[in-house]
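The chains carry the letters A, B, C and D, assigned in the order they are written, with residues numbered from 1 in each.
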Amino acid sequence: MYEIIFYFFAFVTVASAAVVVFSRNIIYSAFALLFTFFGVAGLYVLLNADFLAITQLMVYVGGILVLLLFGVMLTTNTVSVDIKSGSLNVFPAVTVVAAIVGLLTGVFWTSEWFMSSTMGELTSQTTSKEIGNALITTHVLPFEIASVILLVAIVGAAMMARRERVK
Amino acid sequence: MELNILNIGVLTWLTFLPIIGMVVVLLLPKEQKTAIRWTSLVFTLLQVVLACMVFAKFDRSLAGVNSAETMQFKELFSWINVISTGWFGSIKIDYFLGIDGISMPMVFLTALISCIAVISSWSIEKSIKGYFALLLLLDTGMMGVFVSLDFFLFYVFWEVMLLPMYFLIGVWGGPRREYAAIKFFLYTLLGSVLLLLAMLALYFSVSVIDPATGEKIHTFNMLAMMNPANYDAGSILSGVSTTWRYLAYIAIFIGFAIKVPIFPFHTWLPDAHVEAPTAISVILAGVLLKMGTYGLMRIGFPIFPDAAMHYLYPLAFLGFVNIIYGALCAMAQKDFKKLIAYSSVSHMGIVILGMAAMNTQGMVGGMLQMFNHGTITAMLFLIVGVIYDRAHTRGLDDFGGLMNKMPKYSGVMMIAFFAAIGLPGLSGFISEAFSFLGAFQTFRWLTIASAFGIVLTAGYMLWTLQRVFLGTLPEKWNDLTDINGRELAMLIPLAIITIVLGIFPNLMLDVMNVSANTLVDLVKGSAGVVTGN
Amino acid sequence: MIPELNIALAILFLPLVSFLLLIFFGKRFLNRSGHIATTFLGIDLILAFFLFFSKLATEAVWDITVTWIDFHTMVNNIPLKLDIGIMVDNLTTVMLVVVTLISFLVHVFSLAYMKDDVRYSRYYANLGIFTFSMLGIVVTNNYLLMYVFWELVGLSSYLLIGHWYEKKSASDAAKKAFIVNRVGDLGFFIGIMIVWMQYSTLTFHGIFTAIGSGVLPYDSNAWLTAAGLLIFCGAIGKSAQFPLHVWLPDAMEGPTPVSALIHAATMVAAGVYLVARTFPMLTADALMVIAYFGAVTSFIAATIAIVQNDIKKILAYSTVSQLGYMVMGLGVGAFSAGVMHLVTHAAFKAGLFLASGSVIYAMHRALHHLNDHHTDAQDVRSMGGLKSKMPVTFWTMTMFTLAISGVPLTSGFLSKDEILAGTLAYSHFTGHSLIPIVGFLVAGLTAFYMFRMLILTFMGEHKDAHRFEHIHESPKAIIIPLMVLATFSFFAFFSLNPISASQGWFFEKISYPAVVVPEKLAATPTEEFVEEIHHQHTMAMALSVGVSGLGILIAFITYFWKKISADAFERMLKPLHTFLYRKWFFDELYDATVVAGTVGLARLLAWFDNTIIDGIVNGAAWLTKIVSVISGKFDTLVVDGMVNFTAFFTGMMGQTVQKVQTGKVQTYMIFAIIGFMVLLALYI
Amino acid sequence: MTITLTHFLLISAILFSLGMYAVLTRRNAIMVLMGVELILNSANINFLAFSRFGDMNIEGQMAAIFVIILAAAEAAIALAIVLNIYKRFHTVNVDEISFLKD
C-alpha cells in the first residue's frame, strides 16, 4: 500500500514537473506546477511531515503559485506576445543536466546510507507540537530572523513593484 | 642657568616661537597682507627679545662644549623611545637643548637676522602668506640647529631648514630660480646624506647607561659622543686615529663644508644668492653659512679630535684657498650680488683658517668672524637689495655716483664695505686679526699667504665702491630715492652692532672665550700632539 | 692715572668729537662747520702745547695700559691677553704738536680755500677723523692700536683724497692710495703676527723688554730682522717709500690743503714715526735695508721731480724724496736727525703745499673770471711773475724753498746736515759709501728742482698778461698759516746754534733710544757713532752747502737768466726725459704686472669657477640626468615593458575569453556548474 | 520492495535536474523562477527524507520550514524584480537582457 502511494505521488510529481519544464505555454507550466507541489506534499506526508505538507500546500499553492500567475499576467502582453516561451542553450543544458543526473544518481545508488533504528516507521502522530516547541526554543533565533526577512521581503517587494509616480 | 617662561624652557620658546607665528600666519586670510607681515615681524621681534634675555643671563664663566653640567638653559626630555626592537636594541632619542659659548652668538645672530629678513621682505607681494610661513619655518629650523645637543634632533632641524629654503629660492627667486634652488637642494642633500651616515655610525658605536633602566643603550647625545669612554669596544668608530674614524670625520666634514661653503663645494652659493630674494640672501649668508662652521665646532672637532688634528693642515689649506680664491673670483664679477657671494666665500675662509689654528686666538677669531660675517654680509646683501628694488639691475657697471643721490644709503654702505674690508674700529677687523694671529702660530707660511686676501678684499671692495657710488650719476638714475625708514630700520641695528663690536669686542668675546678655550683643550688634549710646520 | 694722560686723551678725542658732530649734524651747521672744526683743533693745539711743555720739563714717561681683551687662558704660563694703552714720551709730544699745529693751520687755510665746496662740512668731518687717527698713531703704546689707527689713517686719507669723487681720477687715486697702503700694511701685520706669536704682547715696552732678555722669534736672528723689516713695510706703504711710493703723487687729486696735511706733514710722516718707534728692535741688517730703501726712494723721487710741470706733482715727489731722506737717516742710525727732519720737513713742506694752494687758488679765481676752463691751474709753465701780485705767498714760499734746499739759517739745513753727517759716519763704519753719495746728490737735486719751481712760478714774466691782471693775493685765512709756517722754518726753533743741531733741545730730548737687540746683531754702538757724527759734521756741512748752492745756481742759470736752454737739454736727452717724466714707468710697470696680473688671475679664476668647477657640478648633474634617462628608458622598455606585456597578454586573453561572455545569466550558470562539477570531480 | 531512502533521493534528484534544466534553458524569467521553486522543493524532499530515515526527526523538518519561508520571500522579491525588468526593458526574456556583457 505504502509503495503504491509512494509511486503515485512520485509519478505525479515527476510528470507534472516535466510538464512544467518542457511545456511551451507558460500558463500550462504554471498549472502543472500546481500538481508538482501537490505531489511533493504527498511525499512529505509519506515522510512523516504532516505539518510541512500542509505548509507546502498553503505557501506554495496558495502563495507562490498565485504570485507566479500574477507575474505571468502582468508581464505578458495578452494581445501580441505569445504566452509560449522559447528555450535556449538546450544542448549545453542537456549535457549539464545529464551530467548532474548521472552524478546524483550515481552517488545515491552507491552510497551506503546510515539507517536509524526507527527507519521507515510511519507514525501517525502529528509533528505540529514538536515543531512549535522547537521554533520557540531551540530555533527561536532563526525563527525571528526568518520573520524579519519576510517582513523585509514584503516591504521590499512592495517598494520595488510599485509604480513610480513621478519620473 | 635656567630660564623658564610658563614652565617651558626659553630655548624651546626661541625655537618654536616662529612655528606659532607660522600657524597664525596660516590662519590669516591671504588678503590680509599687512596683518601677515606684522604678525611675522612681531613673532621674530619677540624672538629677538628672548635672544637678548638669554644673552644677558648667559653665564660667561661656564664652558659647555663637552660637559652637560656647564651647558646652559638645558632642556632634556625623552622624545622617541622605542623599547627593544630586536637586534637594534632600544632606540632612545632625546629632546636635548642647551647652549654654550659656541652657540650663544649664533642663537642671537639667528634671531636678529630672521627679524631683519622679515623687515626686508616687506615689499614681497607674490603669495605673501606662503612666503612668510616658510620664512618662519626656516627660522625654526635654523634656531633648532643651533640649540640642539642631540645629534638626531640636530639632523631633524638641519633637514627642516632645507625645504623652506628650497621653496623660498625656487618660488620667489629670480629668473634662474629653479636651477639655483635645485642646485642648492641637491648639494645640501648630498651633505646631509654624508652627515646621516656618519651620524648612524656614531650611533652604533656609542652607548651609555640609561639612568632609568640601567641597561646600556645607544644614544644620539652629542656630548656622550665626545667622551671616548662611551665608545663600545670593537665598534666601528672606537679607538683613536683609525681609518673609520677618519672616514667618518671626512663625511661629516664634507657635509658641513658644502654648507660653509668650502672650495670646491662652493658653486651653489653664487647661484643661490643671485637668484634668491634679498631676505633669503641675507639669511643664507647671515645664518646658513655659519651652520657649516658651527657644525665643525660642535660636532666635527669635539667628536673626532684625533681626525681633526690629523686633517688640520688640509683644513687650513682649504681656508687659505677659500680666502684667496673667493677674493679673486669676487674681483672678476660684474653682478653686485655675485660679488658679495664670492666675498662670503673669502670671508668664511678666514673662519676656517682661524678654526684650523686650533688655539685660543684662532678659535675665538673664527667664532667671532662667524658672527661678524653674519652681520656684515647681511648688510651688504641688504644694500644690494635696496638698490635692486629701485633700479632692477645689479650690474656693477650700470651705476655710479650714488653717493650724491643717496647720501644716507651711502653712509651705511661705507660702514658695511669698510667692515668687510676689515677696517679697524669695525667688527670685521677684530675677528680677522685674531684668526690670522692664531693661525700664524700654527701655520706660518700659509697664514702669510692667506693674509694677501686682505689686500685683495680691499681691492675688489673699493673697486665696487668706486664703480657704484663714486663718479657721476648716469642720467637714467635721476629719479632714484634715498633709503626709506623701513630700510634704515633693518640696516641701522646691524651697523650699530658692527661698530660697537669693533670697539668693544669683549661683549661677544666674553661669551665665547671659555668655550673656545675648552674646545681647543679638548681637541688638543684628546689628540695629543700638535701638528703644523 | 696721571693727569697729563687725561690731557693726551682729550687731545686724541677732540677731533673725533668734531668728526661725529659734523658727520651727523653737518647739514645743520652749514657754513659754520669749518669754524666749529677749527675751534676744536685750536683747543687741541693749545692742549698739545701745554702737554709738550709739561712733558719736556720732566724725564718720566707717562704710560697707561689696560687690558682690552682677556682670553682667559695661559700660553707658556703667561696669561694671554691683549693690552692697549697710551703713552706720552718726548717723541710723542713733539709729534702731537706737529700734528695738531699742521692740522690746525690746514683747518684755518681751508676756511677760505674750501669755502664754496659742495661738501664743506663733510670735508671738515674727514679732516677731524684724519687728525684723530693720526694722533692715535702717535699716542698709543702698542702695535695693535698702532695698526688700528694706521688703518684708520688709510681710511681717512681715502676719504680725503676722494673728496671730489665725481672725478674718476680722484676716486682712482683714493682707491690706489688705500690699496697700496694695504700692501704695506700687510707686511706690518705679518710683522705684528710674528711678534705676537713669540711674545704674546704687543706693547712696545713688553716686546722690547722680551727682546732685551734675549728671546728671539723662532730663536732666530733672521726672524728678528724679518720682524723689524716687516713692520717697516708699514712705513714703506704709509711713507711712500720705493716700491710703494706710487700712490702719493696720484693722491694730489685731493684738495691742496689735504695734500699739505696728510701727504706732506703727517700721514706720510707716520711711517717714519713707526720706524722711530720700532728702532730699538731693529737689527743692523734691518737698518741697512731700511737705509737703502730710503736712499733709493729719495734718489728716484728727486730725479722725477726735476722734470714735472704740475706744481703739486713737483711737491709730491719732493715729499717722497724727503721721506726717503728721513728713512735713510734713521736707517744709518742718525736717529735724532731723522726725527728732526720729520718735524722740520712737516713745517716747511706743509708750508710749500699751502703756498702752492694759495697760488692755485689765485690762478683758479683768475681763470674762473676769464671763463677759461682749459688752462691747467696747477701747471708751472702757465704761471710766472706772480711775485709782484702775491708778495706774501712769494716770500713765505721762498722761505720754505730755502729750508728744503738746506740753506743755512733754516730749519732744514740743521736736520739735513745731521742726516748727511750720519750717512758719512755710517759709511765710515760699514763701508756703504753709496748712501752718502746719494744723500749729497739728492741734496743738490732738491735745491735745483725746488728753485726751478720757485722761479717758474713767481719770477720772470707771466705767460698771459690778461690773466695776470686778475691774479690777486689770497685772503687772510690762507696767508696767515703760511706766515706761521714760515716762522717755524727758522733754525731758532730747533737749535740756538744755527750751524749745528746737536747741542739744541731737540737732540737732547729726542736722543738715540736704548737698543735692545742682542749685541752681535746691533748696529754700531751709539757712543762711537755719535762721536763719529761730530767728526763728520763739518765736512757734511761744507759739502751740503756746496751741492745745494750748486743746485740753486744751476736753477737760476737755467730758468732765471736762461743761459742754458732747458728745452735743448730736454730734446737732447729725450729718452731720459721721457723716462723721468713718466716716473720711471712705475705705474705702467705695476699696471702691467701686479694689477693686470691680479685682474687677469681673477678673471681666469672666475672663468675656472664658472666653467670647470661649476662645469664639474653641472656635469655631474648632467651625468646623473643621462643615467636617469637611460634608466628611464630601461624602465619604460624593460621593466614597464614587462608590465605592459602582462597587461597586453591579459588583454589578449580577455579578447579571447570575451567571447564566452554572452551577458546571458544562464550561460554563466552553465559554466559555473561545469566548473563546480569539475572541481567536484577533482576532489572526490 | 520497500521504499527506502534511495527512492526519495532519486525523486529529488529528478526534480532537481528538471528545475535546473528550466533555469538553464527557459527564456522567460518567470519560468526560471519556477525552475528555482522546483530545485527548492527537491531540496526539501531531501531534508525530510534524511530527517525520517536518519535519526534527526525534527531537525530536518525545521530546515525545510526555513527553506519554505525563504522560498516565499524569494518568490516575492524575484517577482518584484521581474516586474521592474519588464517596466524597463518591456520584456522578461532573460537572453535579451544582456547588460552584463557590456
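In the analysis below, a residue touches a chain if its C-beta (ideal position, glycine included) is under 8 Å from a C-beta of that chain, and two chains touch if they have at least 3 such contacts.
Values in this document were obtained by computation on a predicted structure and should not be read as measured data.
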item: Chain separated most widely from chain D, comparing mean CA positions; value: C
item: Most centrally placed chain, judged by C-alpha centres; value: B
item: Between chain C and chain A, distance of the C-alpha-averaged centres to the nearest whole Å; value: 122
item: Chain centre separation in whole Å, for chain D relative to chain A (CA means); value: 6
item: Chain centre separation (chain B, chain D; CA means) in Å; value: 84
item: Distance between the centres, which are taken as Cα means, of chain B and chain A, whole angstrom; value: 89
item: Where chain B touches two or more other chains at once, by residue number; value: none
item: Sites on chain D at which at least two other chains make contact; value: 20, 24-25, 95
item: Where chain A touches two or more other chains, by residue; value: 88-89, 92-93, 96, 100
item: Every chain pair meeting the contact rule; value: A-C, A-D, B-C, C-D
item: Chain D-facing residues of chain C, complex; value: 661-666, 668-670, 673
item: Residues of chain D defined as touching chain A within the complex; value: 1-11, 13-22, 24-31, 33-35, 37-38, 41, 44-45, 48-49, 51-55, 57-58, 61-62, 64-66, 68-77, 79-84, 86-87, 92-93, 95
item: Contact footprint of chain A on chain C as seen in their complex; value: 664, 666-667, 670, 673-674, 677, 680
item: Chain B-touching residues of chain C, taken from the complex the two chains share; value: 23, 68-73, 75, 80, 147-152, 155, 158, 162, 165-166, 168, 171-172, 174-175, 178-179, 182-183, 185-186, 189-190, 192-194, 196-197, 598-599, 601-603, 605-607, 609, 613-614, 616-617, 621
item: Of chain A, residues touching chain D in the complex; value: 2-3, 6, 10, 13-14, 17-18, 20-21, 26, 29-30, 33, 36-37, 40, 43-44, 46-49, 51-52, 55-56, 59-60, 63-64, 67-68, 70-72, 74-75, 85-90, 92-94, 96-97, 100-101, 104-105, 108-109, 113-120, 127, 130-131, 134-135, 138-139, 142, 146, 149-150, 152-154, 156-161, 163
